[in-house]
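Paired with chain B in one complex and with chain C in the other, chain A is shared by the two complexes that follow.
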Partner chain A sequence: MKEHKSGNVTYIAVWAALVVLTAVTVAVSYVHLGMMNVVVALLVASVKASLVALFFMHLRYESRLVWGFALTPIFFLILIIAGTLSDTLFR
Partner chain B sequence: MKETTLNGEQPPNGDASPRGYLEAKGFWSWAYTLDHKRIGVMYLYTTLFFFLLGGVFALLIRIKLMFPGQYIFTNQTYNVLFTMHGALMIFLFIIPAIPSGLGNFFIPMHIGARDVAFPRLNLLSYWVFVAGIVVILFSLIRPMDTGWTFYTPYSARTAADVTTLSFGVFLIGMSSILTGLNFLVTIHKLRAPGMTWHRMPLFIWSMYATSIIQVLATPVVGITFLLLAMERVLGVGFFDPAKGGDPILFQHFFWFYSHPVVYVMILPAMGIISEIVPAFSRKPIFGYNAIAYSSVAIAVFGFFVWGHHMFVTGMSSTAAIIFSLLTYSVAIPTAIKVFNWIATMYKGSITFESPMLYALTFIFLFVVGGLTGMFLGALGADIHVHDTYFIVAHFHYTMVGGTVMGLLAGLHYWFPKMTGRMLSEKMARPAWLLMFIGFNVTFFTQFILGFEGMPRRYAEYPAQYQALNIVSTVGSWILAAGILIMFANFVHGLFRGPPAPPNPWKALSLEWQTGSPPPTENYPEIPTVTDWPYGYAGKQT
Partner chain C sequence: MSGQSTHHGPGAAGHEAHMDPATAREAATLGIWTFLATEVLLFGGLFTAYIIFRIKFPQMFYEDHLKLNRVLGAVNTVVLIGSSLTVALGIAAIRKGRVGLLRLYLSLTILLAGAFLGIKFVEYSEKFSHGLFPGTDIFFSLYFMLTGLHGIHVLAGMAALGTVLFLAGRGKYSESYHTPVEITGLYWHFVDLVWIYLFPLLYLVG
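This part shows the complex of A and B:
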């Protein structure tokens, strides 16, 4: 395991950011934005997941190989969504 | 590879016992083992048992289909029989047999390692697999009648125990993910000194590609079955249109796993063929890089084509056109492999021992299966033959003609290494001949039946198709006779076969440079690798 600099300050800052973003998700659900409600919710969730992966799971300090393994499934997630939408959007 | 070639004498293997890793006896020495070789052997016994059981279901199905009307079984029993044939063969035999069985045994040996990266995880994955089997057998109390594909909305409504069976498959999938993960780390981290990526045996390349699919695709089917269970138990409307769901969404999710998984079945078999063809042609493999990269290409392209299972389900024609085009992309790396195997054999000193007979059968039958897949990838042709026996014949040519023949090639090739005993060639050849004839009589007739319009899955059919159905059933008996003789040969070889030398085929990959059977630690010293394992004529082409 590599040495890295993230100390307790970083962890607490990330935790605070996660709490704030959770509050944002809850707050936005009370505002009617139509389709944009889903977009905002997914966007906030993605940012939170990225924070967890980068800092709590130490991805930020990992080698390119680990980054490769972490990012590949995201490509396949996009693939399954895009492939399914190519059906449902054009029926 | 190492300079030493061993043609007769047992090499110093570190273990005092000539029985190598098989020395320890008793149930617990197997149940608690962390040895990848023993875990591989346990997988092989388990999966081959379900091969025989699934085969019995197939024979029963064929006997019923000799007559157009209801015969022997009720139609409901027939539905259960073909569902169990499919589910057992797919989930308990053909997916795990080569990767978890032969892969477990030979990946560490091929790369010059003492074990897989996570031996305890390996044992866990076996027992999770067994837990999955127990759950699946438990579901037989109210047996499944949905076909192995679990299509909604029927699977969401039937009284059969879909929830239990899908939980069993969920566990089997988890075992598959753990195995794939273990192999990926093993191949990255445990290669012997000097074993660069381009000195790896091609079996390792194919197993690497297979593991990628296992890790990336299997979670999707796990989640899909979870959604199905939630729909059945909690009434959440994911797939049932009456509850606002979309039944075709289930098929998207299901085939996002189940199409890539056909490459989990075929890629390891292709890896075995890439080992056997050069060894029995006494020639370096032709196009090493092309075969290696085409394995990875098949794994990646395989994710882009799932929609071709759904052309007639009401999917949008835009999606159908896209998936039809993409489907053809998989044909390219597959053809690359076939041409390279043929080029390897060209002007080689080919000998026809049983592993090579099965390898050649693989190439021949898989080409038939693959090319008929091209008919099915074409939108217009698919609409004509979809859900007919043409499909049944097509996937049996790829799965039995391909994967099973590849597995049998591997079993005959590595039997001396795994057991320390030789098989009888006198029994292996007639068994092979009967299987080859029986298989083609059974399934080629089904191409014709399908093209003439006989639908699949139905218990009853119009009388005009009876003659060819009788031919197909007789073929299944010839096939079964061949399989029985082959298993008799396995049993005979296991107990009475003459002792095997370390390297009976004079092959060059690492596993042949240690004892037969190998010692527990595989190699007394970790070998240093200086060359690729295909230097049969001394030169790299």
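This part shows the complex of A and C:
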């Protein structure tokens, strides 16, 4: 078992960052940027998701094995999306 | 379960441990991450549907997403992020053996989860009163399916958190043993993660 060092200060800082990022993504959604709106929204969401996974879910302090278990579904998710699009996009 | 009754050593008193505590904790962690992998793919199928239909009907997605209440969606995002914080603080508390503090944070988390569902209920009522139903069009089908499935996960999370809260009250968890608290916490953070993607995809970019 690895030692967990996340203090309450870290958690509160992560929470504050998540709230700020939520405000940013909502604010950007009111500005018309076309396709860039989607890019920004997904980018911000991914930063938020990474913060939650790394700090709240303690991935930062976990073994390589746990990382493997956590990241594998992302590979399959990409496979499903890319595989389906490779069909529907080119009909 | 292989390996049962291969050892007859002492130490089986506490939590009917079949292995040493560190191994048991790692096994439980891998177990929940495996379960979460299946959850990613459960939502993944619906996200794939979202992407395909968004490409196919960009105009419908654009017009319909404006009918969602962006403010309530944002408030709910903050509520759920707050509930993730309280779970994390609760786990930090029990790691120091502070059961009372853990129970306080778990109660707060369940309260926030209830607030999330309450706001969701208001949103659904608003949509229904405007004649927007799951059968209205493909955007609202996806909206109700995704948020509904997520809502069921919130309910399941509340039940799991409630069970942990109850067991904490009966003195089941301590500084040295709190794996179920951490496992339930991981599930709850996952529910938050799903919403982190649902919110912008449905409310912000449509």
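Quick note on the criterion: the second predicted complex is superposed on the first by the 90 of 91 C-alpha atoms of A that agree within 3 Å, B and C clash if a C-alpha of one lies under 4 Å from a C-alpha of the other, contacts with A are read in each partner's own complex, and residues count from 1 in each chain.
Note that a contact is a pair of C-beta atoms (placed from the backbone, for glycine too) under 8 Å apart; a residue touches a chain by one contact, two chains touch by 3 or more.
Bear in mind that the values here come from a model prediction, so they are computed numbers and not experimental data.
J.: I'd like to know which partner A:63 touches here: chain B for first, chain C for second, both or neither.
T.: second
J.: Looking at the overlay, does A:72 come into contact with chain B only (first), chain C only (second), both, or neither?
T.: After superposing on A, A:72 lies in contact with both chain B and chain C.
J.: Classify the contacts of A:81 with the two partner chains as first (chain B alone), second (chain C alone), both, or neither.
T.: The answer is second: A:81 touches chain C but not chain B.
J.: After the superposition on A, what does A:41 contact: first (chain B), second (chain C), both or neither?
T.: After superposition on chain A, A:41 lies in contact with chain C alone.
J.: Could you tell me if A:53 is touching chain B, chain C, both of them or neither one (first, second, both, neither)?
T.: Second partner only, chain C.
J.: After superposition on the shared chain, which partner residues are touched by A:19: those of chain B (first), chain C (second), both, or neither?
T.: In the superposition, A:19 touches chain C alone.
J.: Compare chain B and chain C by how many residues of chain A each one touches, and report the one with more.
T.: More residues of chain A are touched by C.
J.: Once the two structures are fitted together, what part of chain A is touched by chain B and by chain C alike?
T.: Looking at chain A, the two contact sets intersect at 65, 72-73, 76, 80, 84, 88-89.
J.: Under the stated contact criterion, what part of chain A meets chain B in this complex?
T.: Chain A residues touching chain B: 65, 72-73, 76, 79-80, 83-84, 86-91.
J.: Can you check the complex and tell me which residues of chain B touch chain A?
T.: 188, 216, 220, 246, 248-249, 252-253, 256, 303-304, 306-307, 310, 314-319, 322-323
J.: Quick check on the complex: what are the chain A residues that touch chain C?
T.: Against chain C, chain A makes touches at 1, 4, 6-8, 11-12, 14-15, 18-19, 22-23, 25-26, 29, 37-38, 41-42, 44-45, 48-49, 52-53, 55-58, 62-63, 65-66, 69-70, 72-74, 76-77, 80-81, 84-85, 88-89.
J.: Please name which positions on chain C make contact with chain A in the complex.
T.: 21-22, 25-26, 29-30, 33-34, 36-38, 40-41, 44-45, 47-48, 51-52, 55-56, 70, 74, 77-78, 81-82, 84-85, 87-89, 92, 95, 182, 185-186, 189-190, 192-193, 196-197, 199-201, 203-205
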